[in-house]
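Every chain is named by a letter (A, B, C, D, E and F) in the order it is written, and numbering of its residues begins at 1.
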């Protein structure tokens, strides 16, 4: 006798159906950071890193990763992004030997799903790129915490991190 | 004298123009299968495969391939999929030493072209992933036949395999 | 009190370590097929398919998929392929209205793992491309069975399908 | 004291926001060329190139690159293309030993941004593929000049190269 | 008069030459974490997340991202990885309402450059995938800090985070 | 009776076998150019382009495309590049209203095949990126001629463009 059993319904991965959702303008803003040492701080400031202009390359990495998010995150819906912006901010306290870059990624689209993952992925890829370009001068760099700051658009409404 | 000759019109590959087509909800459901031996059957059932949970990985492979279909199939139009689901079913007859997994892929979109190729590609990639994860225990596995079971939406109307 | 539990060892997916394996020349040959109707047969033969030369596009699809196999199959090791070849053969019996294309994919590399998956993926992608280019003239096409015919090289030795 | 400085506003790369733009039908037509020697000319004409049918492979390369443009060009918006066509034309003057292929790429979409980059990228990739397939018979081939011939659709209106 | 100026040497991005480096076995181990709420904790434990088995999908995402690192990080050298493993550990303190997943990524290769970036990217992608699958139940999740724990192999010697 | 016919041997595309070739250090240097108008010249020089630092983004595009060459050019063998460098040079004659950027791409690897295609593809992608970032200020830009300047390594010996 032939035995027919369905694979467990529970826990089965799928890309959930969003065809009923409407296309609306959606934005998301994510934040991460990277803590680095004084030598790396000067390298980035002076443009003396041997791999190139660190922030310029990190921005391109962030923007391209935003566009590739649905290839990196398996259950994430593909979306045609309408805009991506990556910003850097130095948070430095020389007395305390604190050298940190804060990274913001802002992503916008007109589509059926939100762009939280695109913003978080872009921020992460930009930070990882800083790590890569500077790691010859110190592997102790720490990335994150990484988090969503806000999102707008979509049925679930706006979200602002409290 | 200069000679100007067009490359043969006949047989010239192109991605045909679909800009006149309307965006409608479209679904497709494809099926394939993989025939395997008893040892592999137990490995999958017991979760003792050394590469991991076979069906869990195959589902992710199928879903990601559905999203990548237009990169794999040259003349296929890119589409923002709204949903993908992969299902497995055991078809086992121990007396006859018949161990087979039936795979279904269901794909949905709202767009100008159908998602038959996405469903067929997802099913194929999921079956190939099962092959990959289990091939150390027997390379004689057979994939398919692979076929379209049904599609809905679009000007050409619905199709159900008879 | 803080609770520290490891995720289940059993069933955990991983790309298994092959750094101990030696680089040797490895080949694999896979086979699939696609059954199609008479109209499609003539279209391919006459070069009258509106999307282009069906076999020429399918060959490119197969070769590019062989190179992309480690992106399509999650636990598959990346390999720099040294050669890929796709062959087509008509198996036609007009009296029986049997029109079938047999596809072979041969892949070669010098590396630490075999190329069975590359050959199987290339054959599958080539067959899917035929389906895509011809589906306007009949969605009832059937792909496969798909199987490995032989492999050479590597510690596990050669394999020839019996 | 902590120092907070924004990375230079000037020169910061971003994918500019197009969420306010309307979806309209847009087309673009680009042109490039490749100058080659007599031996290569005969190889392509006779189909005796050992890597295959040069124009057939180049067309597939062009079409797939059109679909991948937003992955190749960092600040380019992703677009779901509705059609792509690549044409070849021989410009030959045997007396002057002038052997040249003219390539045209025509791309169409319904979306918020134009497809100039897709057409230019498709033409470039097709020409590079001809170079690749023929370089064993002469590395002195010259690609281009590459240029946009015309575009239609979008707020900035139509453009025809004068 | 024609003016010939080189673009600024300083700050010019490049993928630095490693052709003088030897192929040796190299490993790296990176760590990240994700802080989540009680509902998500139960969802993952019970397998009741509507998108599927969270850890299973996150592992596949991590492994595939390790293989794609040179596509995500612009100045990173491509490497044929020989092994990738992703591990999860629950760090839970119910009294303190602390629910956290610790993620480890271990990557191995035999090549001319280290795999620190592959390990960091794999860990980040796995954590981002957990975020994606659980965000419907709480967008306040925090990823990281993300850091390198150790590396072995290569001329610069081993590194262990102190 | 069943009819078995091989698809035409002649003209069949394949990725030719290079498993007999030795790994040697190989380099290639390619050149292209882009002719642009005075407004764009000032925009790039002043860093006032609204999409960002044009040369910085173009360099990243060139480097990433070098790594992706085997995905863009169908019959091209995959190679693990060991170094990529993109250089820009202004060729300006204000009296003649001549504003031109010369682009050089230098690629290096240790492998069985040359890197001519990687250098040509990198130069082309960098030039296309300049076009993309500046096209709002003039679509009449002309890319190329694009050509190989020199290559070293491999059995066929060195090549220097005469």
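To be clear about the criterion, a contact is a pair of C-beta atoms (placed from the backbone, for glycine too) under 8 Å apart; a residue touches a chain by one contact, two chains touch by 3 or more.
Please read these numbers as outputs of a predicted model, since none were measured by experiment.
Q: Hey, what chains does chain D share as contacts with chain E?
A: Touches both chain D and chain E: A, B, C, F.
Q: Which chain's C-alpha centroid is most distant from that of chain F?
A: B
Q: Let me spell it out: compute each chain's centre from its C-alpha atoms, then which one is farthest from chain A's centre?
A: Chain centre farthest from chain A's centre: C.
Q: Count the touching C-beta pairs: is B-C or A-B ahead?
A: Pair with more contacting C-beta pairs, B-C versus A-B: B-C.
Q: When the centre of a chain is set as the mean of its C-alpha atoms, what distance in Å lies between chain B and chain D?
A: Here chain B and chain D have centroids separated by 30 Å.
Q: Rounded to a whole Å, what is the gap between the Cα centroids of chain B and chain E?
A: The separation of the two C-alpha centroids amounts to 29 Å.
Q: Find every residue in chain F that makes contact with two or more other chains and list them.
A: Residues 11-16, 52-53, 56-57, 59-61, 64, 68, 71, 74-75, 80 of chain F each touch two or more of the other chains.
Q: Chain contact topology under the given definition, line, ring, star, complete or other?
A: other
Q: Following the definition at the start, I'd like every touching pair of chains, please.
A: Touching chain pairs, listed by label, come out as A-B, A-D, A-E, A-F, B-C, B-D, B-E, C-D, C-E, C-F, D-F, E-F.
Q: If we count contacts the way the header does, which residues on chain A are in touch with chain F in the complex?
A: Its residues touching chain F are 52-53, 56-57, 59-61, 64.
Q: Which residues of chain C touch chain E once you look at their complex with the stated criterion?
A: 1-7, 11-19, 21, 70-71, 74-75, 77-80, 111-112
Q: Could you please specify the touching residues of chain B with respect to chain C in the complex?
A: 10-16, 32, 47-53, 56-57, 60-61, 64-65, 68, 71-76, 116-117, 120-121, 124-125, 128-129, 131-133, 135, 139-148, 151, 159, 161
Q: What does chain F use to touch chain E in their complex?
A: On the chain F side, the touching residues are 25, 55-56, 59-60, 63-64, 66-68, 80-95, 98, 108-110.
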